[in-house]
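Each structure below is given as structure tokens.
One chain, subunit A, links the two complexes that follow: it is found with subunit B in the first and with subunit C in the second.
And now, the complex of A and B:
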């Protein structure tokens, strides 16, 4: 089935008319992976938009070293059933995978279907859910939502086993409508009660979905005004058919990848694309990333980095080798503990990432990263390469370009240059001092 | 304790400097090297001393050992030598070798193949003690060469050093008012206190009387710990008590139960001991470090005697000889005595904690009183063992993370009564664990019994036999209990329980005399356990930021080192007049 091309602000940028710049390349990379090194930015700049998008959306072969380490870390997490090992495994993937966009989307879906190991208490169940998020990261939301309703971790998380024929538990049905598919205000209490009946008997046994026939209510239900002998799958389809569903997804996608507060018209336009692509989210995202909207001035530096984007992004930009356990500790301190979101709503994100306390902790993170090897050694070559940039202005230009979404204000640049000129000691140490200053700036919190 | 007494670093550094500089001056007369301990030429009145004998020989021995060879081959060492500090250090050594015209090992051999001693003396009107250093070498010719090479450097010091030729071919040097050095053909004496140094010179020249070795505390130390060691350290506790206070700041009552169990009785012994001694001995196959105090348990108040075994009847037994023994400990103590005396031993503030503890323990042992029923049923020794375990009881399944089997062996004062009590405890824990398992959806245990070589073993097996080679860690645990004569045994694995039955049915080996505490570790078995968990250990290193290959090589190097160490043992012995701890390491 052919899909009509997007138009208006969602129309693709005409790169024949507009020059693809280093800034465009950096913008694309920071939004689609966790930070970007100078070499990655240069390569993406050289490749241009189309080729870069093709690379991001097609499956890249993973290196042998990555595969070996990934297997090792996953097996360790399964063997020890340790949440810390599980989190280290995923952090390794987030940072080292040759396919960063699927990983970033998997994190997006983890936040959407927020499930915590604190209650599930099974590394293997959480890893299986994570696999599902990754498998459908750029795939079909339809398959993903169906998969989630039969996911072992999700059924434990939302008390699936308590949902029995004579005592339907509304928890599962409520979260599907409110948090996964429609958002508040797009369903009635009666819809929830009836949908809960459809999910009765959807239980989990030994970590796997189990249809407990004896506990399923086979009676007629009425959901969204439609009547039938609905089971859970039918209710999921009814949710997907609601107008609110693509709109709900469009809002989340825009907030995660483009703008913190998208206008109504833009949400409506993206929702139309979600429907047009029948929930093929990779297609929708690809159109978004190529759009005038994404490359507009308004979208540059408009998003606040999540703790994971901040920590892994800084490490990647400075070509560091992360200490996964230490990085996990710091992102947890900053408010994002993967596999352990605070509530069923996940991390609210956006401006809520920044509080007076977290801003101080973000500055402390910068100090730790640039002043020690505690979070992972930041790459000496990246820093020593700068020894050839002889003037303070050149050094400041290099690092502000590498680390900031937008060029700094002239007075800020001047202050940084004054610092670079006045600081004494070893070049590497002076650069570390400068990096600390740049990364402690409010501008570094944005991407 | 007055910490300033042990902060004479400024003077020490001056003494060290003098040993380096003054060997550069020409010698005047020869004197044969003496083999006696330098404590015989150290003046009396010291708070403490350290003496090292033939350090150069030990360095040489260490350089040739397999252990050092493995460390030098390790990736960590390979990384370390890339560090700028290492390169700077090597450059410094090269410069020093050029000045000395000999390699650094030869220089060390010349200076350190004899004896080196440092003693600290109380200083009038000062909290800081004064150091005195004596170096004596048998290599007078080597020392002469070093002196000649360093002479130009000494000359650079100019008028800062006042040089004087003394009778008998000795030279003295005064560096400002800070350091006095006397040197002869094969010895050097240095101290900030000229009188003190001259007393040592007199003793080196054959004067009699007033030497450290014959002071009562150090004479006792020599009698009880021996005179010849690679390193010996002596502290005159009588002098220290006079300098600080009679109890050396040791409180009469402790405010922590664990600290009281572990250290209080020893601290009381130290408060009464005339000396604290430490010796180190090394040979090709191992080392021994011994720490000692004078005085026996009978000198202590009754509430402190619970800790010590009877010097005549022996103490705790050796660890049971089970296959794949990784390590463990056995300890002696009359714990019921300690518990009954807790109000004397511990401050009032912590006493309510014992009431809370007793309330808690009643959940596990309903209707029993902890002090009267439980502790009185216990004997004096408790043994803990960790050994490799097999997974036969899982019928082919294996956990992915392989842990050792663990065992606790309690000696029972009342075998029947104590056995019943501990079995009740075992059953209660099993029941509570099953309730927890039910809550978290884990497999419950089913209790069963088996007869093994006329011993009844109670064991808890999993309701369903697990399958697979990557089972969760919980499958390392299948608790068992058994009473074997006057012992009650709790283990985490059936195979270990059976092995303990075998071990205890054999005639008891002769126990090392009066061991109060006995800790043993067998690194070869530890290496085997680590080998079985290699992937998990590698994963841990990768989580810490290493790449997988780098991590694997690092762990394999560590395992090689572990495999060269045969055993490490720490034990204490009690005699009528002394208490000693001994740490022994044995390698291939």
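And now, the complex of A and C:
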């Protein structure tokens, strides 16, 4: 299938015309993985945009150590059926996988199809759903949506078994339209009632999808003005054919990867790309990440980090080895407990991550990370090895460049420099204090 | 360049704020001096003013099984499995009674502290949790993108009166409820008092102190960036000030009687602690979640109503002991009631009109309005006769003494509170 190239602000940046900078490399990495170390930024800067995107979008071999740890953690989660172990398993992948973008997109889909282990109560069912999110992470939303409607965990989550012939339960049909495919306002109450009939008998048995023929309503239904003896699959296809569907996905993708409040025209343009690529979301994302829009000044530092982006990102930037249980605890405190989203709407993100309480906790996270090894040892040798004759200004410049999406305001820089100059004790301790300050700043919450 | 940024932000304010639960545009480029002046003034309190506690019952409480029309045959016909037997209902009068798990609320009724507003809702009810909750919070049923809340706008309009006080506080919620999102004032969200502190980190005491001070100063240092950066800086300033205040309040509060060991019980106890510490807010927001009872409703609903009744009863007993029962009014709300007819899985689906409880010793206890007609339904749901914005107008004007029109963007007929 040939697809026309995107144009306007979605057109790719011409790197012959514009210089690929370190800041561009850092921007790309923070948006496509969880934070970036100085070394990764340097390599991505050297590689340039095209090569870096190729690396992000092609499957990289995992190390033997990673594979061994991954298998061990997963088996522990399965054998103990423990939510905490399951969460540790995924956090390990999110941080250590050689394929960070598929993991990040799997998290994006987990949020989109927000399902909670609190109700599903099965580590294996949650892991199976997670595998589906990962398999289609950069794949087809069409397959993903079809897969989700027959996913064991999802059917438990949305009361599939309660949906029976003559006793239709609307929960499943409603959420498919409102939260998974179309968004509120793009369907009628009648559509929901009729679609619920199409999903009757879509049950779950021993953790697996099971078509309970006796409980399926084979009658004629009317959905979006179309009549037929629809079943669940047919309703999914009808949803995918709606105009609202690509728009809904475009908005979510833009908010997660580019801008918090994309203009109407941008949403429409990205929606057109979703349709042009027939829901091949990896293709759409790849175009987005190469676009003028993504590399515009407006998009730089425009997103508020999620708790996982904040915690794992800080650990990555400071070359720490995360303590998975402790990282899980802190991200939960900050409002993002993976495998356990608060509602079927998932984490709405953006400003909704931030309350005065969570902002205090974000600052306290910086204090814990720099003041102890509780969350994982950050690279203190690297810090203390820095030449003692380095000036406070150089140290501040180094770490603000590493940690902040945009250069700090001059007054902020001066305050940090005078703190660094006046602090006392071992160099490593003084730098840890400075890192605490930088990461407690409102600026560090942005990427 | 800078002025351009500011102009741009102003002209597209709607886009910036849309749907994001924004706390507003007080500062676009830099924090204006006025804000700092106000911040310095924030020792002001609310020593004698009225206090409103908004208690959200999230998920859609089944109003029909909360205030029960026990003399109505249609109720028993539509709810063959879920109806509460006539003998078990805690009777308020010949027609109405409370669910048996609401003994706590019944005792408040017997003490003359309970009012019930029946049949509350809004035109063209929306059955999506999120949308309907947005409507209750924003009080703008016709706006697709809601950027501030009814109480937020009320606080904006009353901001002169508030004179720099922390006007409201959300307790125990993961996020700032849309109802409290304002454009001129910033509202703190406190998950728990224990966690609401700024940690100093490690190192020598002098550096610790300097960092503590610098964290607050850096949050106020002018910076160029997106409107989200301004939002973050404003929130940080409010957070640090409120944390200082909470830390400074003496811990001499003791509950008069133990509260139930439930989530809501503990939240309401913390709330009493904050109210007695007199740190300023006139409006508090708390939530009790889990009312979305699509299947096997009875067990879950019993537990939730038990938690509600026990906690609210203990709350008012404690307030009374502290001489505050007349100053505090607690109002419940939920995004919708549930369908009259039970579904096939021993539960109920999303419905429409429901009731609001008002509890205070400073009110004339009464039942406002009739129970909605069980035979005259809208797509299987109860019809409302009282718009929820009428209730809001009543609470704002008659309880808080704040103008309701700027909050509700229109004039709504009020009920008589006293």
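The working rule: the second predicted complex is superposed on the first by the 442 of 447 C-alpha atoms of A that agree within 3 Å, B and C clash if a C-alpha of one lies under 4 Å from a C-alpha of the other, contacts with A are read in each partner's own complex, and residues count from 1 in each chain.
One rule holds in what follows: a contact is a pair of C-beta atoms (placed from the backbone, for glycine too) under 8 Å apart; a residue touches a chain by one contact, two chains touch by 3 or more.
Bear in mind the structure is a predicted one, so any value in this text is a computation, not a measurement.
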Combined model on subunit A where subunit B meets subunit C, clash or fit: fit
First, second, both or neither for A:364, with subunit B first and subunit C second: second
Partner chain in contact with A:440 - subunit B first, subunit C second, else both or neither: second
First (subunit B), second (subunit C), both or neither touched by A:323: first
Touching partner for A:115 - first (subunit B), second (subunit C), both, neither: neither
Centroid geometry (CA): angle subunit B/subunit A/subunit C, rounded to a multiple of 10 degrees: 80
Which partner, subunit B or subunit C, touches more subunit A residues: C
First, second, both or neither for A:69, with subunit B first and subunit C second: first
Touched partner set for A:78, first subunit B, second subunit C, both or neither: first
Subunit B versus subunit C - smallest C-alpha distance in the overlay, whole Å: 11
Footprint of subunit C on subunit A - complex, ascending: 159, 162, 164, 166-171, 174, 178, 184-185, 189, 260-261, 263, 301-302, 304, 333, 335, 342-343, 345, 350-352, 354-361, 363-364, 366-368, 370-372, 406, 408-409, 411-412, 415-416, 419, 422-425, 429-430, 432-433, 436-437, 440-443, 445-446
Footprint of subunit A on subunit C - complex, ascending: 15-16, 18-23, 127-131, 144, 170, 173-176, 186, 188-191, 195-204, 206-207, 210-211, 214-215, 217-219, 221-226, 228-229, 231-233, 235-236, 238-240, 242-243, 294-295, 343-345, 347, 349-350, 379
Touching residues (chain side subunit B, partner subunit A) in the complex: 399-401, 440, 470, 472-473, 535-536, 538-540, 542-545, 547-549
Contact footprint of subunit B on subunit A as seen in their complex: 65, 68-69, 72-73, 75-76, 78-81, 84-85, 88, 92, 121, 321-326, 376-377
